[in-house]
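Quick one: this structure, given as structure tokens, is what I'll be asking you about.
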């Protein structure tokens, strides 16, 4: 803190700390904490609600008894005795009625109960969708890596630098074009009456309901997120000294050995970034399944989360779903960092 | 110790390299003996690295042939040649430990871990890095990294070691030390060394023979003495060492010598090219071959001039002398006698001291 | 040689990859000019610009565009100062604290966008603020500030610390040194960061969709229309997006080339 004040002066230092604080605590940390908190409770009937209802029943009985007593009291001999008795009974009836009202509000007002049942709510069907989404995201990541590694290597190491720069610029264009448009293009292609089915029709196949079967989601996801793998890989491979590759070859390494021992180890930070981004985007993708399935195929997990919040209005369960997704993604980040032996510092480009 | 593998000989016959329209190496014939320390010396861009890449197998000749140990190398990649290359930037693998670097070639040849580790440490012992095997290359000093690169190349027991200016990253003292080490290593192993450099000091001190290259051509091959004292062209004369230049015209020739008329007078010097009278030529003269003449002292060639500057450099001093033939540099051994006589200086040189060559491209033009 | 053989194979592979990248977009563009609805390329009814006029008259698209610009402007105003503050703070902390802060600041980039949207809405709902443009702005700022922070950090790492010290030594107050030395040094990055922040905000779908409640931006509106792909007006809008992107990429490349030439001339 003293260093900060010495570098910027007290007012500026205070502003810096304030702005960072608002961002890190107010925008990043607090919402996550509140979301996790929300996932851990639900509104429930209060504890002891059963005893309360027994008690309420007993009081209603008492009220009925008092009504009988009151009817009996009218037949009393002296009017004064009658009035006294009636007053006494009415007072008691009022008291009992008040107690009933009180107990009934206590019985019906839900209280906040800490519980893990929100997570257990997921049930068989939703759990299966969750698992399907995660597995699909893993598959998208693996495919993206397998497709992009040769591309990134070829551009970074085999093309002359000027051409490489041009190729990367050309790739920036589909990368920068809105995700929705990239998905929409595939929705058109895979549509029942789309060009792919038209082409298959010429071969006497189909038409295949790509969108309705849900397979279209996967195809579009690979397409939408593949470029998030190319750029990190290219960036690290570009920094690899060509002499490293030649030295290995000179010492007798075959092509696959060069990749295994020299290129891949060097590319670790880029692999980590590419895989984390691709996985995270696929696992949390709302747009791709939303547009590609048109509601005809089974939903994906992000859609479930959306529905919990904005259709079922069950925010606690929704929060639990969101936290589950967050947990998987965080786990994946740590797994990649551990597996590839990179630190978060190496990851930022 | 390494079971001294014998070096192999190398032969280029008509080997040339073209990149598109650019002729990087003109058709070249060159023979390097087995077990020789051979340097290729030239300015940057002269094609010397291209020749090294021809030998290592990263490049195929556009025409002609490369033979190593008598075997034609066409179609044989760098992995399968009996050569090992030491890169200019060493190209140590930064993510592997020192011993893994040294053992890399053995790993590629399928050696088991324990065996190759033991062998790597043997080699590291040989280059005096016994205790450093488990460190990363980045934890070593420049000289140590140099030795790792050498050990890594030796591990695959090459018959030819190709070195691409490996000392250029080191500071002067270390460089001089490593020269001696490399020379000794070459002698003990008996491997053929092909050493690429633009530093004439390195080439002259270490090599059995030196090839001087310019613009894709080898212009002279010979011993260090040949190249220094008997340059074949104006380029070699000026590229290797300091040289005074006295342009003029041949007056007469006799017995391998010629008399050349320059602006500073007429001088007698060897005429290896057999230039005929009337030819435009240049007399090249080393600064240390020019002497200050005492009054009355005679010499085969004499010229006079005035002192412009004297730089004391310790073991010797350098004089800049303005003469009729332009400014000449004179190098004088420091005898401890101190200053110079006042007045004009008389300079003399023997009739075998210089060399007369046809005017042509010099190293300064090339640079 | 075998090397050229595998090189050819790689070339072909790269060609196929590029085809894979661009062909879908080409199909979408073609359908935008086809006089047939729903968007199609298999049934060709002739060239038309009709869908552009239809798009022009779409009032919901215009209000979405206005919201998008409004949100992006607010995000720039928030994310730039926050990212800069974070980067400056990071440079002045001990390595341990810097590590923790850094992790916190890049974590939004590693978090699915829908989580950022949802958590913001939950948080503000607790304070009786319902989802809308405001929550969309905050949710976007959460991760866009991470981008700006990384950009400022990269730039600051290249700053020569001696400059600021020289200014202080010459009698500048720390604030003056910051204003006269550091801020001008950061100016190109401020510009770049603003552009990146704008694009990130404008094009964002996942986070915005979860945070915006009943409001809409241009992109969320496109999303809801695309689902059923009823009118090629969406394709027309896609064409405009692509044109804008290409123009932007070319301008960017030209700017970079210009800067490089200027730098080369300077040396």
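Every chain is named by a letter (A, B and C) in the order it is written, and numbering of its residues begins at 1.
The rule is simple: a contact is a pair of C-beta atoms (placed from the backbone, for glycine too) under 8 Å apart; a residue touches a chain by one contact, two chains touch by 3 or more.
A quick note: this is a predicted structure, and the numbers were derived from the prediction, not measured.
Participant: Please indicate the chain closest to the centre of the assembly, with centres calculated from CA atoms only.
Facilitator: C
Participant: Comparing A-C against A-B, which pair counts more contacting C-beta pairs?
Facilitator: Greater number of contacting C-beta pairs: A-C.
Participant: Would you mind checking which chain's C-alpha centre is most distant from the centre of subunit C?
Facilitator: Measuring from the centre of subunit C, the most distant chain centre belongs to B.
Participant: CA centre of subunit B versus CA centre of subunit C: separation in Å?
Facilitator: The separation of the two C-alpha centroids amounts to 56 Å.
Participant: Could you work out how far the Cα centre of subunit A sits from that of subunit B, in whole Å?
Facilitator: Here subunit A and subunit B have centroids separated by 67 Å.
Participant: Can you give the whole-Å distance between the Cα centres of subunit A and subunit C?
Facilitator: 21
Participant: Could you tell me which residues belong to subunit B and also touch two or more other chains?
Facilitator: Residues: none.
Participant: For subunit C, which residues count as touching subunit A in their complex?
Facilitator: 6-7, 10, 13-14, 17-18, 20-22, 24-25, 27-28, 31, 39-43, 81-86, 88-89, 92-93, 99, 101-108, 110-116, 118-123, 125-126, 138, 141-142, 145, 150, 153, 164, 173-175, 178, 199, 203, 205-206, 209-210, 219, 222-223, 226-229, 234, 238, 241-242, 245-246, 248-249, 253
Participant: Taking the complex as given, what residues does subunit A use to touch subunit C?
Facilitator: Per the touch definition, subunit A meets subunit C at residues 3-4, 6-9, 11-12, 15-20, 22-24, 27-32, 34-35, 38, 147, 150-151, 154-155, 158, 169-174, 176-189, 191, 193-195, 198, 223, 227, 255, 276, 280-281, 283-287, 290-291, 294-295, 302, 305-306, 309, 315, 318-319, 322, 325-326, 329-330, 333, 344-345, 347-349.
Participant: Which part of subunit A faces subunit B closely enough to touch in the complex?
Facilitator: Checking each residue of subunit A against subunit B gives 241, 243-244, 246-254, 257, 261-262, 265-266.
Participant: Help me check something: in the complex, which residues belonging to subunit B touch subunit A?
Facilitator: Residue positions touching the partner: 56-58, 77-80, 83-85, 87-89, 91, 93, 95-96, 104-105, 107-109, 152-153, 155-156.
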